[in-house]
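Naming follows writing order (A, B, C, D, E, F, G and H), and every chain is counted from residue 1.
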Amino acid sequence: MPAKVSQKKNPKRNPLGKVFAGNIGALAVGLKYFFDPNRITLLYPHEYIKLNKGYRGFIVLIKEKCISCSSCARICPAAAMRMLSVKVYNEKLKKYMIKKYPVINYNRCIFCGLCVDVCPTEALYHVPYHDIVYENMNDMILSLEDFQKEPENIEFKEGIPVKYYFDERRGLVKTPYMEELEKRNEKEEKNQKVEGEGEKGAS
Amino acid sequence: MISLQDMIKEALGNNIIKIEDNKGYIDVVVPLEKLKESAIKVKQLGFDHVKSVTAVDYIQKKQFMVTYHISSYLNEELSRHVLGLSTFIDRDNPHIPSLATIWTSAEFQEREVYEFFGIIFDGHPDLRLLLLTPVVAALKPLRKDFVVKEDSINIEVDYAAYNATKWW
Amino acid sequence: MEAGTASSGSGIHLPGMEIAKASKNRYEVMIGPAHPGSGHMRIFVEVDGDIMVKVDPDIGFVHRTMEKLAEGREWIQNIPLFERIAILDACNITLPYVRAVEKLLGIEAPERARYLRTLLCEINRVASHLYGMGIFGVFLGHSTLYMWAFGDREVFIDLAERLTGARLTHTYPVFGGVRRDIPDDFPEDARKATRYMRKRLNEYAKIFLNNPNIRSRLENVGVLTKNQAAELGLVGPNIRASGIRYDVRLNEPYEAYGDVDFEIPVFEEGDSLARAWARVEEVRQSLNIIDQVVTWLEKHPRENFMHEKFWKTAPKLYKDVYEGKISYSPKYRIKLMPIFASLKVPPGKSFARVEAGRGEIVYYVESNGDIFPYRVRVVSPSFRNVIAFKYVMPGHRLMDLPAIYGSFDYFPPAFDR
Amino acid sequence: MGSDNKEKKEERLNLLYGDLDTVAKMAKESLIKGKIAKMVDWATSFSLWPVHLMTSCCGCEIGAAWGPRFDNERFGSLPWVSPRQTNLIIVEGTITKKMACTLRIVWEQMPYPKFAIAMGSCALDGGIFYNSYNIVRPWQVIPIDIYIPGCPPRPEAVARSIIELQKMLKNKSLASKWILESKREDKKYIIPKEDLCGWRGEKVDLTTRYD
Amino acid sequence: MHMYTMLPFFTIALGVASIAAAYYVVKIKDLVYASVMLDVLASIIASMLALIGYGIVAAFQVLIYVGAAVMFIIITISMIGARGKETKEPFLGFITGTFLSIAIIIIVMGGGLFKLYARPGYVSPSQAAAGLLSHYFPVIVLIIIAQAATIVEAISISKRGEKK
Amino acid sequence: MMALDTLTGAVVMVVSSVIMGIGAYGVASSRSLFRQVLSIEVIFNGLLLLVLSLLSFNAIAATYFGILIISSVAAEIIVVVAIIVAYLRSTGSLSSDELEEERA
Amino acid sequence: MTFAYSPLVLSANALFVVPLVILALLFAVIYILRWILKASYDIEKKEPYKKIPFESSNPPRGVGKARVPFQYFGYLIMFLTVEPAVVILTFIATSPHTLTFKSILFYVIMVVIFTPLLAYAAHESKRIKEWILG
Amino acid sequence: MNPCYYACYIVYKVIVYDIIFYPPVYQFLIIPGLITAIIIAIFIIWFERKAAAYVQMRYGPWEIAPKIGGATQLLADLTRYAMQEIITPQTVDTLQYLLAPIVMVVLALLPLEAVPLTSVKPYFPIPSGYSLLVAVAFTTLSPLFITMMGWASNNKFSITGSVRESFMITSYELISVLGLLTAAAMTRSYDLVKIVNLQMSGKWLGLINPIALFVVFIAVLMSTSGFPFEIPESESELVAGPFTEYSGLLYGLNMGGAYIRRWVFSILITLVFLGGWAPYRPTPGVITGYLIPSLIVSLKAVVIMGIMSFLRSVYGRYRLDQALGIAWEILIPLALLAFGIGLAEAYFGII
């Protein structure tokens, strides 16, 4: 079915209706939302959105999987990823070899994910968070070691995770993300236990 | 029902140097002197606006190609097609008659081509710089002899000597 | 004011063509870059009293030289590059480039990919129209509309994020297909979102478009007749508000638009209000399309959203990735073959157009068989709309400037490229 | 002769202003200390008003960041129109050569104490446009306090940057120190190397008036 | 202390202020500020009127004269940009001014006119309105008509009309 | 009581005459039309004060007089300013010298 | 009551003394703040654009004090003519109840006279093309 | 009697009767005056932002004091303003530039000196039988200085803004004068005490003549650039109108200035149309005769300001000529009509 054209006109109103109905309608809608605010605000540092797995956040390298094929660096549109020559001790040949590994510069990275998608061995992956800020530009040029670590997740420390789901009446509605919270609680309990035992042991 | 190509052939007569059906549009090449005349004829056919004014720098041939991609809004039959009206001009002395007097919609685009390639549109009502500052426009950035350098993908240093500040 | 001669041939009259009478008390006001009423551009306005007599848009504050950079970048790297023209309409903006290159490569995306592209295009169109309406609201001092539009835009951004993994810069269509398939719970969410949005549009009309205050600002302001709009070569809802029946989706259906059922709203008046209404109606139609496309996607099997040529060469790992068996990988993501990193495109010229949110976007791509394009020419919708400022605004009052500006839904980075 | 006089005048002015500066500084020191300094820092941190300077496409996310879902007005920060009443500048992405001059002027026209955030990879190292001939890096034009990577960064990241700035303000008491010292001492004072749009040589005729 | 003992002191203070304001009206270079000073002068005059017993007139002075008439002048000047050469002839002006004021002072003081002033009794607004309505009805109607005529007159004078 | 009133009256009258003198100075010395209008207004203010203080024996009549004269002065200002605007429009200048030249 | 409560002193205090004191205080505060919070002289020298007028952050062109909108001058004229009439009307309306009929009569006369003229004036003022100065 | 006690008593008397509750000081500075006005302005601006946030599906200022909904937000803003540099650009006329906002604020408060806030005789700052006329007259003084601010700033946006402001003056002043003085037609008096006392029986003038109340309400919105008429400071083409060049505390004053004027008008509306301190009847004494009625009046005025603030979230802004047109074609006829109705009601003895 191809598209059709539908001829339309600006809705017309008689002057009296324009003044009264228009104003009253606008005020009524305003008042409705004033008394029944449909808030969708995320209280950011106290809550954070638990992003889906597919979110293209910061990138982490799994060094073991990397085969030094340079695809990621070649496809990177911002030249944010570059190959760094590293001397690696080869167990089999028992000698040092020069191997290339990618490093990333977040000053340039545009989080397009092309490098992750193109890597033939899935040596790169995204972590689903994207809210880190820096005071210094040099901190954003990662060394090979840093590139293998997941960046510190500050929001996790400060807030509880929430999820937004769609609702017909209210659009986006947020709820605490229970699974994540439970997981965290378990972890904390474990930690406490471990600490407690440690204390006991110490005493 | 005659095809568009025939229609244009008929209208422009022997002004045409070359006409070909490119991917997505019909390309008509006319000589520089006949550009304005053909433009008026094409406009009478019902092509009422310019979609894009493009120049391409063929640095080996020492030529610029200037293309006007034109189409129609008011004529629904023509609006399915895009016509490319091209002409070749000399690279050393880039002058071309302006079509902004025929299609108002070409006005800003010609200004843009002017600042990026240094092609001068004779008879343009208001030929000024549009996007660039004078300093940058002096480089004529879209010509092929102005090259921007891409960064290489390798850092050719040992890891021990890797220095973050050296990146830029 | 030599502009008077500009269209002597056409015989169509626009206020900006009038040669302004020399008046002693011209007053030049700059609606400049650091200014809420302008954003990323500067408008030199000469007012005589309260009437604008000469308007000269001075643009290029966001000119980031994309056409030049594209000549030094590989074919695939240009997709994220051109996306930055208008990141709020990312899929629509990159689609014609992808289509032009596909034409050169001689391939066409499989059906499922075409539907997926249509889906994202429409989501983006809704988001882009909502953005435009929000900004329009701010221009008229109506902050509530801004907030509402941006709040409801989040719904569609969230949809897009679930689909592609990024809020705005999706880089979704690639040559021969798309990068991801829809997640499992997507259709249900999308339907809820469209139902919600349809309800909200009525409230928008109540608080904004039918609000007598706003109506009086917009009615009979910035009127463009059919012929004038055609002469200026404007695009998108702006011409459809003037009564021109032109929409690339109608005249040259691409992707899945030939198969879905929708209407193209065309208004008669051609004033700012009609332009605003045209956008609202278009959002309605986009919601219809989203519903249909989602239903189609649900019914059809999940395969073949990459061109055969690439899909067949995929080794096992790629299927693992697609099925999400790797712990940190999302489901239904496909991997790009390393060939993408050094793709060579056969020589030739091609031309593609697509109806983006703000109007028609046109790419002209020329290749000489290298791994870089030889020349890429982009004409973005805002680029073709900006000329309207010069010719429509004169003759109006200074306070009409935001009303006209906003009604054209102009996005400066899209102009400057 | 004339230039001599000018120099002398300048010198005298310098002397005079130097004295006045020290006196003003003493007055400030006696006024702003202890509780009041803390109060100033607190107030400034909860009243970071970004000036409305849309430089590039990151502006979309700024819109979202002050929109209802991420509502940065919760932190007391309200986008404002005129630089004279603001104290924060968020560089939203690419700064082109044409825009650089504007950025600098906006920065100069803001009253002390003021802060800057660079948003988006374009504002850090050019991002995808790193080799473009028409862009400048904003940190070459104004001193930047906080950088946000991403293209565009998520609105949460913008919120995070404001939170970080608030923390910095409170921990390092930037605002009160700035008032005391009349300038930032922890940041280098930046004067753009390039003559951005001829703004240093340009002579502005402001004296003509109609009589 | 009876309150009216203070009357002359207030009068003197206000008088000095009003003379200063009048001086500035004539002297300040920028015409907008000069007319703002006229506004100040008129308000001081209003308070002097209130002081010598014409409260209602003072209120009218503030409402009509200060709030509207002088405002009108200020707005007009600030719109027109207050151009125009200002050739001063201070000598002529000085002679005229001194002559006028001395003449009036001589008439008033020498003729003993100043003795005429006696503090008027309190006039309540409704009493005054009643008088106006019952005795001067035609006069006020005439004034209204005159005002109305002024609209047409002023508009037809000051608009540009069809000619270019 | 009486003496105080007389003193007040004297002060008011002297002040008003001085104000009128200043106004006259302004009218005579300046050639700028708007300045002349302003000076005339100064004279008017002085006059109002003088007349009302002289009329104090009949408070109600003086009140009427004040109200009516203030209203009519407002009307007069409109007409004068309108004339000045018309004059400015035709000659492009605001100086009364040219007015005289035109007359001559 | 005390001396301060005598009507003349009360009004003098209310109209002059208290407002003037507040004015002076505010002015002093502003002036001192302006001086204290000034950036140091050498920074001001390096920031030449700080003290130029704001013009959307462009290098300024032209002057501010020039001729500006004149188009609505007609409304100004209407305002100044109607205001005295209206004030007289309200003044008349305070007459005692016995004279109400006469004041209504006056009101009617005024409305009758002013309505057509105001309509005319508003109509004229709306035709903004005729109000351009110069 | 203990002399020490006596001295204390005298000091107390002086402080209470000659300083705090001395009518000019009290009314200008304390209860409806400067201090209350600033507090109310702070509260109302916060409320305005908060109400807008409610309608706009978000929280508004919150993080600063989460427990009370961020109510201290404006304190932070004020402090921040006060501690920012006050830039005086080269081209301004410095003295006028500094003086204009201050004079504006002081003059804006002047009408409060003319109104009685109690029916107990000694507490009238300006004892007169035509206090309504005087108060209305004083309200016409302060807008002039907004115009002057723009002129002193010598900036294109400021001057255009100030000219717009002056046109707005022409449109609202007449309406507010006519609307407020309708009360005089209905009660046959300019005396506010009398007007309020007449309303003690529950016949509030606003209920008897709602058109007049409506008209004045709109005029106040116009005069203080409230939302449908936020034209002089319209940010989308004139950056901040007359206030563009102002920074630091001076801008704080300006921002407060509009709210202070709105506050003063609200007090006037309360007194004239909404029964003033009714149903409370003041009795002699500082607390019962002066403090309580002024508090009642303030409370009513706050409600009016809240309603005005709410409109921000529903309306955009009109064009200048539309606002003028509305004023002259709809509101002034309405105001005249309201006046006629008032006269008729007085004639038929409804009041």
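List of remarks:
Going forward, a residue touches a chain if its C-beta (ideal position, glycine included) is under 8 Å from a C-beta of that chain, and two chains touch if they have at least 3 such contacts.
For clarity, every value in this text was computed on a predicted model and none was experimentally measured.
Relative to chain A, the chain whose mean Cα position lies farthest away is F. Geometrically, the chain at the heart of the complex, using CA-atom means, is D. Across the two candidate interfaces, C-H and B-C, the one carrying more C-beta contacts is B-C.
Centre-to-centre, using mean CA coordinates, chain A is 49 Å away from chain H. Chain geometry summary: the mean Cα position of chain D and that of chain F are 53 Å apart. Rounded to a whole number, the gap between the C-alpha centres of chain A and chain G is 55 angstrom. Multi-chain contact residues of chain A (touching two or more other chains) are listed as 26, 29-30, 39-41, 43, 74, 76-77, 79, 105, 107, 110-112, 172.
Along chain D, residues 53, 67-69, 71, 74, 81-84, 98, 102, 105-106, 109, 112, 125, 128, 130-134, 151, 154, 179, 197, 206, 210 each make contact with two or more other chains. Within chain E, the positions touching two or more other chains are listed as 4, 7, 56, 60, 63-64, 67-69, 72, 75-76, 78-86, 125-126, 128, 132, 140, 143, 147, 150, 154-155, 158, 160.
Within the complex formed with chain D, the chain G residues making contact are 35-41, 43, 46-50, 52-54, 57-60, 63, 65-66. Within the complex formed with chain H, the residues of chain G that make contact are 1-2, 4-5, 7, 10-11, 13-15, 17-19, 22-23, 26-27, 29-31, 33-34, 37-39, 50-56, 62-66, 68-69, 71-72, 75-76, 78-79, 82-83, 86-87, 89-90, 93-97, 100-101, 103-104, 107, 111, 118, 122, 125-126, 128. The residues of chain C lying in touch with chain H in their complex are 27-31, 35-37, 50, 137-145, 147-148, 151, 207-208, 211, 213-214, 216-217, 397-402.
Of all residues in chain C, only 2-10, 12, 59-60, 63, 65, 67-69, 72-73, 100, 103-104, 226-227, 229-233, 239, 244-246, 251-252, 348-353, 360, 362, 364, 366, 374-375, 377, 379, 383-384, 386-387, 391, 416 touch chain B in the complex they form.
Within the complex formed with chain E, the residues of chain G that make contact are 3, 6-9, 11-12, 15-16, 65-70, 73-74, 76-85, 87-88, 91-96, 99, 102-103, 106, 109-110, 113-114, 117-118, 120-121, 124-125, 130-133.
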